[in-house]
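Working notes, structure below.
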Amino acid sequence: MSESVNASVIPFVIGDDGEAVRNPAERLHLAEAVRMAEAIVFASAEPVSEKQLAQRLPEGVDVPAAMAELHKIYERRGVNLVRVGDAWAFRTAGDLAFLMSRDAVQQRKLSRAALEVLAIIAYHQPVTRAEIEDIRGVETSKGTLDTLLETEWVRMRGRRKTPGRPVTYGTTENFLDHFALEEIRDLPGIEELKGAGLLSARMPSNFSIPLPPADPDELTEDEDPLTDIDLEELGLLTPKVTEE
Amino acid sequence: MAQAAETKGGTGGAGKAAPMDRLWAENEETRATSEPSLVVDVDGFEGPLDLLLHLARNQKVDLARISVLALAEQYLAFIGKVRAMRLELAADYLVMAAWLAFLKSKLLIPKQPGEEGESGEELAAVLQFRLRRLEAMRDAAARLVNRNRLGRDVFQRGMPEMVIVEKRNEFSATLYDLLTAYASQRQRQAISNVTIAKRGVWSLKMARTMLSRLIGTSADWTALDAFLIEYLASPEEKRTAMASSFAATLELVREGSLEVRQEEVFAPIYLRGRQRVKAVEVAR
Amino acid sequence: MSESVNASVIPFVIGDDGEAVRNPAERLHLAEAVRMAEAIVFASAEPVSEKQLAQRLPEGVDVPAAMAELHKIYERRGVNLVRVGDAWAFRTAGDLAFLMSRDAVQQRKLSRAALEVLAIIAYHQPVTRAEIEDIRGVETSKGTLDTLLETEWVRMRGRRKTPGRPVTYGTTENFLDHFALEEIRDLPGIEELKGAGLLSARMPSNFSIPLPPADPDELTEDEDPLTDIDLEELGLLTPKVTEE
């Protein structure tokens, strides 16, 4: 890229070979055809052949000339116009391929079951696994909870002060961030779910939706905080090594 | 239904327009005798305010200079006409009519000193404001849909480039996904719970056990109903209890542990344990 | 495109304002950042936020400056860099819509009511369901909000801090993207509407009060009496006959 130091910030190679030969009207015509071809190739889900381009561009356009022009325009950009067989497509410039892999993340959609459990945790927190299962009427697989913990939208918040001391689950700051909620109480209530058409208007009269706690970070009376030993047991903390 | 009415009108075959013309004819003797009541389809309108806006536009002036009084009168005339034809209108429209009649009286009679409440002019201004606001939103919606729209006028990259997938997962879900999942799950669960809790069904097995136990204690003829009522938890269970018990009765009779008697059709059904040792055994 | 007659075939506007101020190393740095940003945004079909860009570009890059540069570069091309909220995306140029329409995907048609509700949410946001109904003067039918939420153009954004804390609705980034808006302030006519007081829930105090005509029974010059034809127009076109 050393040439670009003395060139403009944008290292485009611009019409330096014989465009003057063309008359202005022809130049305008070609410039418009180049713009059109650019848009068509960009929007296409597959490489576009010159034949297809010829069909869509105004009549009389010199397609090979337009593509040669476009190719040159993109030659040193972050994206290049490349030939794929007898068709054209845009591709990330080879020297920038590292950008595409460096921050590559796999977009994953939550499963239906995971969404359900997440929603139950959000509304019913603090809630234990047994309680989630009670609400859903089906067993919740360990994988589902693990996935939710991985999203960092759900956390183990404490232990219920009941026999067996089951772990309680709740939502995190990240949850609020991701779902653009200012606070957990912003989750819509029963009337609003009905109003938005998400919940049937004819629910049984004893049906209710809990109001999440005002401050989800605060433990409730029947919760104990998680101790280091708890965390260790839950595999969330590596055992402390005694000093040597 | 509609067809029946058209035929009654005697212009069958003239198509849909024919009954309409008749409906709106000044002279309505044809309607006077017809029986069916008409329900006006105001689906084309989004409520009384929409109707008012339509009427207001017919004044062909800027909404800011509209005569609210004239508008109220037009609306009332419309309602009056519709009612005279015994067309049924949604309650919303009648409420608006009542309010406009009130507004009209306020506008016609100057505010008395010491009178409570807003003046007619103030009320009229509120109505005018609401009409203008609604119209503004209508126009805004029209301008919005006519913009260059993604997927129609402008396009995104058709061939987004595949990235090399690393281990890291990034999860995505929208609040809508979340709420839909929650609402439908709770709904499903609530409904299935209700089915179990409220509409208990007596199984044949349950009925058999119950009957066997009951009849064993009674050597006298007893009406089936009497047994059942004694054990009915709720009136809703009556049907299922009756049906299952009767089926169980027949089974028990066939097995020889029960005797059944009925005096005539629909008369009470009497049961008693078969007066034999075997009956006692079954009763256990 | 008339200017381009005398310009080069490629009507790029290229660094003509004060780049000389930057030192060469800085310029090179920015040029490379621009290329990288170009590659990243070009590769994605969805808008890429400045935050994501900052994470993927080398440290110390002035992301807004790079994007401003890139925006200018693509200003008159067949593909434009557009801002969507605080994110960026490449989109085919709006003036080429005529050319692109054959690629149009079948879009879900929104009902008139849904469009109206969408406009109200867009212009009045954050807005509660009761306020929407007040503006329209009619109850919002079940399914209207549901449909809008499903398009992902509308979202529940929070709760109004009033008694009952009703849920408020607003638009999403998808909405901006779909309707080619940089931000909500770009909604057509929004400033005028605000100025006219038409975006407030209550009537502004300076709103003019229409005076009744001198003789209220008499129609004014610009009024027509209501005719039967009017009535027919008023939705009575399809009376349903029900037998009693």
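Quick notes
Lettered A, B and C in written order, each chain numbered from 1.
The rule is simple: a residue touches a chain if its C-beta (ideal position, glycine included) is under 8 Å from a C-beta of that chain, and two chains touch if they have at least 3 such contacts.
Chain identities (UniProt): A, C = SMC-Scp complex subunit ScpB.
Source: prediction; values computed, not measured.
The chain pair with more C-beta contacts between its two chains, of A-B and B-C, is B-C. Seen from the C-alpha centroid of subunit B, the farthest chain centroid is that of A. Averaged C-alpha coordinates give centres for subunit A and subunit C that are 22 Å from one another. Centre-to-centre separation between subunit A and subunit B, using Cα means, comes to 40 Å.
Note: centroid distance subunit B to subunit C, computed from Cα atoms, is 35 Å.
The residues of subunit B that reach two or more other chains are 155-158, 161, 163, 174-175, 179, listed in rising order. Residue positions of subunit A touching 2 or more other chains: 39, 42-44, 90, 92, 100, 180-181, 188, 196, 198. If you check the complex, the residues on subunit A that touch subunit B are 39, 42-46, 89-92, 100-101, 104-110, 112, 115-116, 118-120, 122-123, 135-137, 150-151, 153, 178-181, 187-188, 193, 196, 198-200, 203-204, 207, 209.
Residue ranges on subunit B touching subunit C, taken from their complex, read 1-2, 4-6, 16, 19-20, 23-24, 26, 35-51, 54-55, 58-61, 64-70, 73-74, 77-78, 81-82, 87, 92, 107-108, 120-122, 124-126, 128-130, 132-134, 136-141, 143-145, 147-158, 160-161, 163, 174-176, 179. By the touch rule above, subunit C contacts subunit A in their complex via residues 1, 4-6, 8-12, 14-15, 19, 24-25, 27-28, 30-32, 34-40, 42-43, 55-56, 69, 73, 76-79, 90, 92-93, 96, 99-100, 102-103, 129, 140, 142-147, 149, 155-159, 165-167.
Residues 155-159, 161, 163-175, 177-187, 189-192, 194 of subunit B touch subunit A in their complex.
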